[in-house]
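Just so it is clear, A, B, C and D label the chains in written order, and each chain counts residues from 1 on its own.
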Amino acid sequence: MSSSPAGSAFKPAFAGFADMVRASFAKQGMLQAIGARLVSIEPGQCRIDLPYSDAVSQQQGFFHGGAIGAIGDVAAGYAAYSLMPQGSEVLTVEYKINLVKAARPPLLLAEAQVLRAGRTLTVCRSEVFRVEGSDRELCAVLQATMMRVEPAVR
Amino acid sequence: MSSSPAGSAFKPAFAGFADMVRASFAKQGMLQAIGARLVSIEPGQCRIDLPYSDAVSQQQGFFHGGAIGAIGDVAAGYAAYSLMPQGSEVLTVEYKINLVKAARPPLLLAEAQVLRAGRTLTVCRSEVFRVEGSDRELCAVLQATMMRVEPAVR
Amino acid sequence: MSSSPAGSAFKPAFAGFADMVRASFAKQGMLQAIGARLVSIEPGQCRIDLPYSDAVSQQQGFFHGGAIGAIGDVAAGYAAYSLMPQGSEVLTVEYKINLVKAARPPLLLAEAQVLRAGRTLTVCRSEVFRVEGSDRELCAVLQATMMRVEPAVR
Amino acid sequence: MSSSPAGSAFKPAFAGFADMVRASFAKQGMLQAIGARLVSIEPGQCRIDLPYSDAVSQQQGFFHGGAIGAIGDVAAGYAAYSLMPQGSEVLTVEYKINLVKAARPPLLLAEAQVLRAGRTLTVCRSEVFRVEGSDRELCAVLQATMMRVEPAVR
């Protein structure tokens, strides 16, 4: 791996990275189905939020762990994707999530950042917060490995 | 932890465990929204399947990683829950998933088993297969920690 | 879980927490064998370093992943332990580590912090840096779940 | 990824894979320092054991989690390495381990198998057992991602 360490500024390989991410996001049926929204995309950083609805609920009226994992994973994937060259695809190799607090309505916000970007693999971290007004409460932390794929060689 | 090691038979603490799991499953709005189905529940084992639809798709026409993680996590949770005493709730502490192959339509099947059941924590493994007719192909492997919660002490 | 979110100050349950950690550290044969040193212990935070030697090397002359995991895990465990009541023991439930860069000599530093401390479970994060003079380079990131055990009930 | 699914037979890319693994193992200073031994290497499978000693102990007289993680990780790495072409190196991208039972003396055995081998990445699972005579008890389960590196391109 050859790029910047955690905390430093990342430079995108492709000036149109934000449009690339938005176009990809719009094609994800599951994200539409659950109501996830792309809040922001910066080089090496991505934020996605998710309002509460039946489509993301579990048996006790909290956000479902599957929905929390989904927005944490997707935010991490797009944080990684923002640094990739034009024409790349991004795949999740793996992720690990700790659900540290029951996630109550009304809104979740996933914030992801790249920790290390390599030629092939990028390691990211996401934090998922419950948000109500100006209150933020940490609900989940996720650590993920993303892979760059060139469409021609898949 | 005080229960059986991996591979041996588990004894449920509550004879009505299967109804307890089915009742919990039916209350999960997200599982209804994405179309997940409880295929089987045995002591320490659970199977859940998921037909392909727009609601579980990603940008390339495969199953979304969030949907794969959701059924793997839920199957693991119910495998653990099947061994818990009446009146317990089950929470996912954490899970880790490797997506080992792009998950194509038409159907996914998650098979979960308990590896070790303790008084408070239970460790489970899920494997998610793409199924078409009699063909099965491994798409994801998940390792999870589940926690028993007594409703009164939450 | 009932304690402070990430980033806020943690209050130790036991005023003698630092001595409790140092006494535990001194009893760990493996840490002595590999040469790990307790650098600092604060409420919810712990730092451990490890000089390079044959006892922590792998086949290419880098620090061994097992040594990197060990100091990351131990730092996380003591960050959690620093907040526990007198007489508690701490056990690692699980951890996940990404090795983001080959860890070259001369020195590694693991910095751990508690993300969320609960009555039974505590979730921590460790970052492991290669240090040479004033240079720091991120080599590994670890996310862990720690469990409080009361000796009497083990 | 393009190779065999879990459970089927793997074919090594290099007939001399076992010697390649043994030569690599012998160069790992940490494994010598803690007393780990290569028990067997087959295509896609590896077993490593570890007798109890002060060098692998923690504060309560059990095997240290760092030692358990080390043999689980190394066994997974060599299971992956056994399938790689001559001249490759193997790196651990990440692993996740659950410590499901306190690991008492006298001996641990790590058994690793490849779940999916790809051109670049290989996903493995390790189980670590406490062994005494003919008794085996599961102590830890590990899931890992390994990467093939061609020395020339590092």
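Heads up, the rule we're going with is that a residue touches a chain if its C-beta (ideal position, glycine included) is under 8 Å from a C-beta of that chain, and two chains touch if they have at least 3 such contacts.
Worth saying up front: this structure is predicted, and the values here are computed from it rather than measured.
Set against one another, B-C and C-D show the most C-beta pairs in contact at C-D. For subunit A, the chain with the farthest CA centroid is D. Distance from the subunit B centre to the subunit C centre is 31 Å, each centre being the mean of its Cα atoms. Centre-to-centre separation between subunit A and subunit C, using Cα means, comes to 27 Å. Subunit D has its Cα centroid 23 Å from the Cα centroid of subunit C. Among the residues of subunit A, those touching two or more other chains are numbered 93-94, 96, 98, 123, 145.
Viewed as a network of touching protein chains, the structure reduces to a complete graph with every chain in contact with every other. Those residues of subunit D that touch subunit C in the shared complex are 24-25, 27-34, 53-60, 64-67, 69-71, 73-74, 89, 91-99, 102.
By the touch rule above, subunit D contacts subunit A in their complex via residues 93-94, 96, 120-121, 123, 145, 147. Within the complex formed with subunit D, the residues of subunit B that make contact are 1, 5-6, 96, 98, 100-101, 115-116, 123, 125, 127, 136-138, 141, 143, 145.
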